[in-house]
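Two complexes come next, and they have one chain in common, chain A, joined by chain B in the first and chain C in the second.
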Partner chain A sequence: MAQKSEYIQTETGNKVSRKSLIIGSQNIILGGKTIIQADCCIRGDLRRLVPQGQNATAVAIAVGRYCFLSKGSLLRPPSKTYRGQFNYYPMKLGDHVFIGEGSVIEAAVIGSYVNIGKNCVIGKFTIIKDCVRIEDGTVIAPNSVIPSFSSVEGHPGQVVEELPETAAEMLELKELYKTV
Partner chain B sequence: MAPPRQRPGAASSSSSAPLPPLSIDPSVLLSDAISFSGTFPITIGANTILHPRCKLNSTEGPIIVGSNCIVSEKTQLIAPDADGLVLGDYVLVEVNCTIHAARIGEGTSVEVGAKLGKACRIGNNCTLSPLSTVPDGEVLPDYTVLYGETHRRLDISNTAAARNETLLAHIDCLKKLLPNKAEKYNR
Partner chain C sequence: MSSPFPYIHISCPCNEERPQLMAVDSARPISPTKSPTKRDPSVGLPDPQTPVQRRGLQPAVSFGTAGSSNGDDDENLEDEDGENNFDPRDPRAAFSLFPIENLLYCEDCHQIRCPRCVQDEIVCWYCPSCLFEVPSSTVKSDGNRCTRNCYLCPICTALLVVMPVTHSPAGTASDTPIGPFNLFCSHCHWTTSDLQPPIQLEKPTSISAQLAKLSASPQDAEFARLKQHYAQQLGNAQEDFANSPAALTRLMGLYAGLGTGGAGRKGRGVKKLEMKEIDRPREVAEEREMDAVERLAKAGLDATTNTKQRISQPHEPRFLTELKPVAVLLRTKRSKRCRACRHILVKPESKVQTTRFRIRLVALNYIPSVGIKRLDPSITLTSLIPHKTHRFLLTVTNPLFDPISVSLLTPRFTPGTEYPSRVTILCPEFEVGANTDVWDDALMSTKPAIPAMTTGATSAGTPRGGDARLETVYEQKRNYTSVVIEVVPPEIPDSRETRIRDDRLLEIPIFVRVEFEAEVDRDDDDASGALSKPSLSLNTSAGTAGGAASSASSAAGNPLARERVEYSYWCVVGIGRVGDPVEGVVASEPNTPVRTPVGTPVKAPRTPGVAKTPLRSVRS
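This part shows the complex of A and B:
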């Protein structure tokens, strides 16, 4: 009997594990060639609520190309009270973003070429710029901004090192996509 | 006709086992694929929200969740002993937590990935920051903030009422966003 493969491949080359939990898929955009591993959870249902009659983009989570979401990672749009109204806000990931096992992401924006290690917690409304490495077990405080070419570590996460100009080459995930 | 079962795989171990005795207020929002296991009763108060895939295990004792609480996905609530686990009102439990505590006081927020040891007791209006751990049997007084690797301080900001109000707004928002699957758990 033919073995059912673990991944479902979409037209744009995304590979999504059958064991992942994707809620509210109508509010999620995957840019293509993104890999989503088992037990990964994406909360597209936590979208922005707007008063009736107003037009709103229904995107809760946008993911770029060549992203890799490891086992047990979790993407959850951030929430806050703004002008007396509690709401969820969209989350955007760039290209070549690697998210390690068991990490919980509640960032507002993550740039391209970002590597997030295992068991990290990225706080609500964090903005991570391009070419950033976040070491295993880092906790980034809510509302922080991580500059480009930095390596972040600790609890709370602080910039400990600057990455070289060639960081984008090191953090590229095209090869990783081919291995799955 | 067979009685309606939970979707296979939704709650791995408990899908075939009978549910524990549930006493759930009609205003509670239960999401899809919540796992209830054990034999002791589970009580959930008014207006509480349970996100998908949270696990409540009452094998060792009863679980009582107060009103206006939020329990997020991938969180486990495990009763430590026959005295059970009691969550007060206005408790926010974020994702990936493991809660083996005996008591969590009113207005406490437990943030992402916190681990609460066996039979520990958390006071009212505490904040446990992400990835913090509480040792077994520990007693945390009211208004404690656990942060960093092992740091502690007292919260003197006097914002407990404001926090509760935010939590109520959060619950309102979630009630509009999440579908209620409460009928799935009725027996």
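This part shows the complex of A and C:
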């Protein structure tokens, strides 16, 4: 299949692969110019359950601009049992977030200019701040907080290096969008 | 270097303490500037001041040699190569090679600054877990760990969460969880209840306070006792140790006394602080040791801590059951100063959660950067084929708002190894356009940007015509230009020696020299500092004093005056690794001219004709 027809382009410039699996698309917001490659799975159906009668507009997953979801990655809103009730909580991604092949994301918040490598596992309710690089194969424990300008590696992920001041330029994905 | 291929590292001038350069320095006619005036004795590094002054000299060296060997005399060239080239395998070089992203640029020294030649100053402390700022007074009194509720698992270093020890039965949605609580690691499922004795907390909040009450290991008690003992003795002296000039002189006296044997100095009335040793040193109870041995025999080695776990805890636990949760270490936001001129290069916003900078002079905005990619996608960088001509595309990107002319120089054979690769840059001189916005182009079309560029080219005095040069430029876009570089790796035997020296790693040093005309009246911009608009211009006096090779045009006061500025640096291109020889590719013709896709093959002259520029004559 030619590359052009592999992607469906939306009005705001998102390119979504026909081979990706997007469930509950009414609960998903894509900011624009985001690319979703084949075999990605986005679980918009796992949204917050509200008691009957309350009619909250539930956004399960919000993705910013210029994000890139590589093949086989999975976005899944985090869940926990709070006060005896099991529930899902929304997930928010900033701009210029790259997610490598085969990574599983259950973070609560991911900031802007974040690069997540291949085969990573981002635990439930993780908060990743802006300008962070997560190396291939990292497993980030649930409830972790990754501060800005960190490079994280390991099992569980630990900050191994501080990123330079140019991190935002290094992790920008505008060029990547143009290549697809 | 473990970074994936290809990588490009730029050499910060702070490593250059090379004797041959020093020799050339003294031989140079322009030397009023190079007296080491501002040498700061407190700076232990190779003085970053000197490279500043050498900035203009180094290219002169390279070009001088290149100019003398204009006749393409190979032997001569190799000799010259050996002397002046940057050797990426030099042990000294490794300390100064950084990717351009990690480099800063000092606007006053007009020089790259690497992490080694900047000075860090802490702006604020914060906990990387709860992201709260910790005032520096607290850091001084309570240590550099989070005093809130952030604790790490001593086994796997993941963050611990507070959990009730007994799960409330499902369905009973009680508003407040019932205690007692323990700390639980959601990565390895370690809990504080695993400890001996288990740590269980009454409240889910203010964990530090609760843990402080619980944990009184013999080591902690010992430390507290010692601290109390010596603090008592300090007693009155305590005040002296505060920041007062008297304390300083006394301390200096103490150290001076130590240095000269002390005996002669005592009479001078320097009050030496005599400490009484604690009379009861730490005791090792034999019973406890025997207990430990017994426990080890019973539980086996699996129950003991590893070195990393042991040294991360103050009480050096031997068994896993003695580990304690570790409070999170604080992190800092730091501003960075140039070590030579003390100007601030980086100043982050003091708020913890913002990623903005008030001042951010990064080299990326000032230095034309080099990039490399394969021209032929079939090349595998991790196993380059010996004797085969590999072609790569070398791209120079211009971040400046002035068009630049670039000359690239590379040794014909890669230095520092017994198995040199042949390297040829097909078009070593070219122009790169200014980094203007597409919109700017449209708006500023009235400005004579293009004539300036052409005059720059002609004044550079190129031996060949401008057209001939452009022919071999592979690609030229708004602010970047690509040229072809050819690499012929040699056959390298797979022996122990070559492995130890990593001879198969193919690194090419390239000397990048940039010339451009900049407006002189940018000093106002300089003063305002944090502008993104880069300005390399100097006023005349600063230019000569700083050794920056700028020859200002006639009137420095004239706001429209333009001056030529040149900048140069060595970079190292890590292209890949040489693989095993492939049959069919023979070493017979190492010098085969290869057709470039665009234009005619031009043998890269080792001489970029800039050696004869009027620019140089002006400077000398």
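Throughout what follows, the second predicted complex is superposed on the first by the 175 of 180 C-alpha atoms of A that agree within 3 Å, B and C clash if a C-alpha of one lies under 4 Å from a C-alpha of the other, contacts with A are read in each partner's own complex, and residues count from 1 in each chain.
Everything below uses one rule, namely that a contact is a pair of C-beta atoms (placed from the backbone, for glycine too) under 8 Å apart; a residue touches a chain by one contact, two chains touch by 3 or more.
All values reported here derive from a predicted model rather than from experimental measurement.
Engineer: Would chain B and chain C fit next to each other on chain A once aligned, or clash?
Structural biologist: By the criteria stated at the top, chain C and chain B fit after superposition, with no clash.
Engineer: Which partner does A:Pro156 contact after superposing on A: first (chain B), second (chain C), both, neither?
Structural biologist: A:Pro156 sits against chain B and chain C alike.
Engineer: On the A-aligned overlay, A:Gly123 touches which partner chain: chain B = first, chain C = second, or both, or neither?
Structural biologist: Both chain B and chain C are touched by A:Gly123.
Engineer: Between the centres of chain B and chain C, viewed from chain A's Cα centre, what angle do you get? Round it to the nearest 10 degrees, please.
Structural biologist: Reported to the nearest 10, the angle reads 120 degrees.
Engineer: Of the partners chain B and chain C, which touch A:Lys178 in the superposed model: first, second, both, neither?
Structural biologist: Neither: A:Lys178 stays clear of chain B and chain C.
Engineer: Between chain B (first) and chain C (second), which does A:Ile23 come into contact with in this model arrangement: first, second, both, or neither?
Structural biologist: first
Engineer: Closest Cα approach between chain B and chain C after superposing, in Å?
Structural biologist: Between chain B and chain C, the shortest C-alpha distance works out to 5 Å.
Engineer: Output the chain A positions appearing in both contact lists, the one against chain B and the one against chain C.
Structural biologist: Chain A residues touching both partners: 81, 85, 123, 139, 156.
Engineer: Give every residue of chain A touching chain C within the complex, in rising order.
Structural biologist: 81, 83-85, 123, 129-131, 139, 141-150, 156, 158-159, 164-170
Engineer: Under the touch definition given earlier, write down the residues of chain A that touch chain B in their complex.
Structural biologist: Against chain B, chain A makes touches at 21, 23, 41, 43, 45-47, 49, 74, 76, 79, 81, 85-88, 102, 104, 106, 119, 121, 123, 137, 139, 155-156.
Engineer: Using the touch definition from the top, list the residues of chain B that touch chain A in their complex.
Structural biologist: 52-53, 73-74, 95-96, 112-113, 129-131, 148-149, 166, 169-170, 172-173, 176-178
Engineer: Could you list, by residue number, the parts of chain C that touch chain A in their complex?
Structural biologist: 101-102, 104, 126, 128-131, 156-159, 161, 168, 170-175, 185-188, 331, 346, 353, 355, 357, 360, 362, 364
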